[in-house]
Amino acid sequence: MKLFEFLGYYNYWVFAILLMIGFYAVIAKANLIKKLIGLSIFQSAVFLMYISMDKVEGGTAPIIKPGVVDQLYSNPLPQVLILTAIVVGVSTLALGLAIVVRIKERYGTIEENEILDAD
Amino acid sequence: MSPQLAIMLALVVPLVGAALIAITGRLHDNLRETVTLITATLLAVIVWSLVPLILDGERPEVTLLQVMPGIDIGFRVEPLGMLFATLASSLWIINSIYSIGYMRGNKEKNQTRFYICFALAITATMGLAFSANLFTLFLFYELLTLSTYPLVAHKGDAGTVKSARVYLGVLLSTSIALLLTAIIWTYHVAGSGDFVLGGILRGLMDPASVGLLLALFVFGVGKAAIMPVHRWLPAAMVAPTPVSALLHAVAVVKAGVFTITKVIVYIFGADYLFSLPQSGWLVYLAAFTIISASLVALRQTNLKRLLAYSTIAQLSYVIMAAAILKPMAEIGAAVHMVAHAFGKITLFFAAGAIYVAAKKTDIAQLRGIGRRMPWTMAAFSIGALSMIGVPPTAGFVSKWYILGGALQAGHYVAIFTIIASTVLNAAYFLPIVYMAWFEKEDTSINTNTSVIKEHGEAPLLMVLALTITAALTIGFFFFNGTVIELEKQIVPRLDSS
Amino acid sequence: MTIVFAIFLLTMLVITAVAIVQSSNLFVSVMLTSIFSLLMSTNFFVLDAADVALTEAAVGAGITTVIFLSALALTATQEKPNRSGRGIALIVVGLTASLIIYATFDKPRLGDPDAPVHQHVAPYYLDNTMEQMGFPNVVTAVLSSYRGYDTLGEVFVVFAACIGVLFILDARTGTGPKYVTRKMTGLRHHLIPQVVGRILVPFIVLFGLYVQFHGEYGPGGGFQAGAIIATAFILYSLLEGEQAALRAVPRSAQLGLVICGALMFGMVGVLCMIMGGEFLDYSVLMENPVTARQIGIIVIEAGVGMAVCGAMLSIFHAFAARSAEDTDEAV
Amino acid sequence: MDFAQHLPALQVIVPLLAAPLIVLLQPRGFAWAATTATAFFSFAVSIAIAVRILAGDILRYEMGGWFAPIGIELRVDAFSAIVLLIISGAAAISLIAARNSINQQIEDHRQPLFFAAWLLAIAGLVGMVVTADAFNIFVFMEISSLAGYILIAGGPDRRTLPAVFKYLIIGTIGATFYLIGVGMIYMMTGTLNLEDMAQRVVGIEDQRPILVAAAFVFIGLALKAALFPLHVWLPNAYTHAPHMVTVFLAACGTKVAVYVLLRFQFSIFQSFGEHLLQFALFLMPLALLGIIVASLVAMFEGHLKRMLAFSSVAQIGYILMGASLMSDSGITASTLHMFNHALTKGALFLAVAKFATQYADLRIDSLKSAARSMPLTSFAFVIAGLSLIGVPGTAGFISKWQLIMAIMETGNMGFIMVAIVVISSLIAVGYIWRVIETLYAIPTDDLPDDAADVSVKPEKIDMLLIALIFTVAMNIYFGLVPGLPLTLAELSSKILLKVEF
């Protein structure tokens, strides 16, 4: 079972690493689309964190099997939350991309520093 | 008329007056000015009707509304406020008469705005005089600052706006930064800011903090123009002369010294302060202001600026008197407010009259002017004598009381200051009087056209106004019993000691 | 075995993420993002979150990628090199990282059935869903009933995004709506995708409908179904061109779908209020609370599906129509 | 089940459901009217709620008929009620005034979408306030954020777009941070209901995740609330947004984030060890620094809207400084200032919007002598400006009074804070007076007097002007009779500090 414990930590580390990669891209990249890509990695990392905590050792997806007793199920609540969060994420992304498209039209560039220079 | 109603009317009448002025201003000038005069007279009648009650020892109160728990907008008439309100409302009539002459004679623009703001300033003054607690006082204090700003900036050109900025900047900054802090501190310590005879802070603070609080009050009340927060007063000389009169005699600076006196008498309690050495510095500061302002005045070449510095010195008289903390001195402080008001308004009226008639502003231009404008210069001379404190003028009465108080306290610095400043006053006023009456008119300095050279007296209304104030200055020497009686009430506890 | 697979997946996720950020070709980045989503989806599946996996696959790998690509077509495909701002980024990221690592130590371990998450609220759902709802998928039960209000909010987030994109992309110095779509041939000249795609489209729609109406019993529900059906239509418009796609589902119909979906959800809630219950308390709709809840859930799930599908289509077409104009102008 | 019990739900769902209806029924002019009507209905609901709260109730509503913590609970107490009043009041006033200004800035065919977004913004903001569920706050935060981006993106200038983009990125980061924080608390407590969380957080032995969660929630919300130094998105967003949107957002946008922040810090983390003290020690310097720095920047800012935007950042500092005192009076001052500042800033931005109807360029210099053509607007600006400075008789004074009172209770250390409040008030005098002088300046000589008089168009009396005057009057009314907000603020502080009463 040691491997399972390792997976637990690993899951959490990957969450942290992904979060940092995404966050880094958002801050450091000047390209607006790249920023949004970073943002979506950033959000995905959080999804991973939530889903990691719903796991129950020896459990299955939370779809009740009638007649089966003593079956462990994973926690449905984080899943529900993340379903919502995923849709929220794509909505934000779409809006962000729409703005980027307009920026390209008005400024002719999607690089942050060039936009700043233009004004 | 119940006293409560009278108090409310004293606030409402000038306010309604302002509204009526705004309406009639569009219709006709004469109508507008009639409204001003009627309002002023009505107000004076209302305020005077309260005097007998106060003399009988009554203290009518009105609470308008409770803003926050423990914090009311309320009014309570007591002798100091009564005196101030009576003074301001009475002088408003005279000042209005004078204003009409001045504004017309000078063909000023925006006269309606001028009269509206004037009425608002008087409203604020009434509220300030009758305020029952620090909160109400502060409310009207700021209203007074704001309503006089358009008056100071009346001319509207770049230089005037700049000076008006100094005026507003100093007054608003000091009040928000220091006075408000002091007030909130008082509320915090005492749980209220009500004006109670004998003070509300006794035993609630350690002596060092009392000294600090006093400093916050003194410097926070920028209107009292104690050094170093006096800069606004010379700056405000850009205003039309009736406004200067309002600032120096009727309302603004009087509001300053009134506030400080009221705080000393009703918040700290004079005898409590006297028992604390930490409050002694105030006399020295006031003395310093008196002497240095007088010295600065000595070097002025512009008549109005000279008068401004003279005011600074005279205000510190009041503060010094209040800070001596002895009964006679407290009475002297109150009396000096009146005496100085009469004297200074006369001087300003005269200066304004000279400006309107001859367009002269410098002292050096005044040679021989007494022959052309005998009434004006006679009044000027009376005012000047009152400033020096020569009997039979009002100035003598107050100086008498202040000196008495200083002797009572054995305060030698104060005594010396009074003597020295009397000499200095004489040194800057008497030469002007001498020049005006006894020297020949100097045509070389007056480079203006001959039209102006051939001037006589100022418009009749202005001469009328300044004659009245000059008469009051002398009259006060003989008939000051009521005022003394009134103000004795603010020091009953000390009176026996 | 699963655990090894999970560890492998997680490692791949990190590698992909690094590659995404490193690549200066935006097209490559976007394609890698799609792969990233698929990996993530698989990982969710390993962690017993079937519903989320399905959603991530449909939304993350599918719709997101398409929208990204349409935006790329309108902007740029190459990132310009820029090195400024790295220092600050590293500091901020470092601080955040240390904060998270600090929290690691006291965390409950993975899969611990005694962890607080599995104690308080969650067991209630697992124990009562069958009895109160009459169907086995607890995720659907929580989504549409226990926390139906969240889902309502989510539908309106989608709605907001939809009107936002329409609003922002419609803003060409105002001479009325620009619903003009020029010739766009799609992939008509390419035979194989054409044939394969045409066969696929109806099946995708069918699958979407299955996911929609089977949500109570297996993984799935309105979100997934909406996203999947939207994918089918997007595929159709890629194959047949914008015009044909818009003939099939006009813009007004897309927007109408969103509005009807959102309103349907909301009106069910209001109906519950009128019938004397609380907002979204479906049990008052009929005599038998269990049946009533099932009916309510079916209706609101349909609303969710319509709203998501319509919104995704609207958003896609808002981008796609613009690229059609732009290419025309360029020519 | 009577109507009154549905109040908390109605507060949210009416604007929420009205939004798609407006997109559905598109005829011109209808969008504005319907939106305004909805906003006024919302306002009426808030007032009804406030009345119930003042009567001593706490309104609870179980969404979907599921009891907390199984379902989502709505819970309205005094603290929520005052924020609800701010939001719906700001919405009602800005919308009723908005028509001409929006017609000027947004093309006709886009207006239904725009107004739908406005309704979603209202629904999102009130949704965050009424709910008692941590995740539900996130959902409604996203609704309000997305709607907010849309509203701001309606600005005509191209600089709007980078500003919105920046706001979108920072807003999303903030929301995600919040989500991480909530996730960690959920992980440790197993619940999402705020009250339930507060109870369960007490017994936890492993404190680190909770502390980290507190940090994440704090940073996330501070980003949304534009707490210095996380305010970078705010000035540009406010400057380039359509004028009426600025009115609305300046009055209530950031305050809701502050609301959630205080809720979390006090309700959930309060019972948690030394946390509150750490929070205060961390927050106070930031608040003080924000007050001073943002005020100074405002002082040297040449664009009227940007200047006011920076002043908003400083005011957020005031609000949070009050809270960081952690005392009853401190939180009272803080809550009261939220209300009063909404009134003041709303009035100021309304005046700006009115100026914008005649002046295309809103740099301060180009507003020279505006008082000639727009005397009422200029005068309203003066009064609102005085309220911002904190002159007695205005709403701003009351909150400043309460704040300084609260600081004085802390003893000697307080003098530094008093000094900072005072200094920033003086700076406010500086920047407000600069505008007032410009407004009332005499026209320069290069324009002959007659020409100036010919070009002056009389000030048009429209809904915008009436709304402006009304708001200014409210500034004075609540400066003299602050009973309503004060009572609510006092109740709020007792609720946050969990004082029995």
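So that you can tell them apart, the chains are marked A, B, C and D in the order they are listed, and the count of residues begins at 1 in each.
Note that in this section a residue touches a chain if its C-beta (ideal position, glycine included) is under 8 Å from a C-beta of that chain, and two chains touch if they have at least 3 such contacts.
Owing to the predicted nature of the structure, the values given are computational and were not obtained by experimental measurement.
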| item | value |
| --- | --- |
| C-D or A-D, whichever has more C-beta pairs in contact | C-D |
| Chain closest to the assembly centre - both centres taken as Cα means | D |
| Where subunit C and subunit D are represented by their mean Cα positions, the distance between them in whole Å | 32 |
| Interchain centroid distance [CA atoms averaged], subunit A/subunit B, Å | 71 |
| Whole-Å gap separating subunit B and subunit C, where each centre is the average of the chain's CA atoms | 75 |
| Mean-CA-position distance for subunit D and subunit A (Å) | 29 |
| Residue list for subunit A, restricted to those that touch at least two other chains | 19, 23, 53, 77-78, 81, 84, 88, 91-92, 95, 99-100, 102 |
| Numbers and ranges of subunit D residues touching at least 2 other chains | 135, 139, 142, 146, 149-150, 153, 186-187, 192 |
| For subunit B, residues that touch 2 or more chains besides their own | none |
| In contact (per the touch rule at the top): chain pairs | A-C, A-D, B-D, C-D |
| Residues of subunit A that touch subunit D when the two form their complex | 19, 23, 26, 32, 35-36, 39, 42-43, 46, 49-50, 53, 77-78, 81, 84-85, 88, 91-92, 95-96, 99-100, 102-103, 106-107, 112, 115-116, 119 |
| Residues on subunit D engaged by subunit C in the complex (per definition of touch) | 1, 6, 9, 13, 16-17, 19-21, 23-24, 61-66, 69-72, 107-110, 113-114, 116-117, 120, 123, 127, 133, 135-136, 139-140, 142-143, 146-147, 149-150, 153-154, 184, 186-192, 196, 200, 204, 206-209, 211-213, 215-216 |
| Subunit B-touching residues of subunit D, taken from the complex the two chains share | 386, 389-393, 398, 400-402, 404-405, 408-409, 418, 422-423, 425-426, 429, 433, 437, 440-442, 480-482, 486 |
| Parts of subunit C lying in touch with subunit D, wherever the complex brings them together | 99-100, 102-103, 105-108, 115-122, 124-125, 145-150, 152-154, 156-157, 159-161, 163-164, 166-168, 170-171, 174, 176-177, 255-256, 258-259, 262-263, 266-267, 269-270, 273, 276-284 |
| Interface residues, subunit D side, partner subunit A - complex | 135, 138-139, 142, 145-146, 149-150, 153, 158-159, 161-162, 164-165, 168-169, 172-173, 176, 179-180, 183, 186-187, 192 |
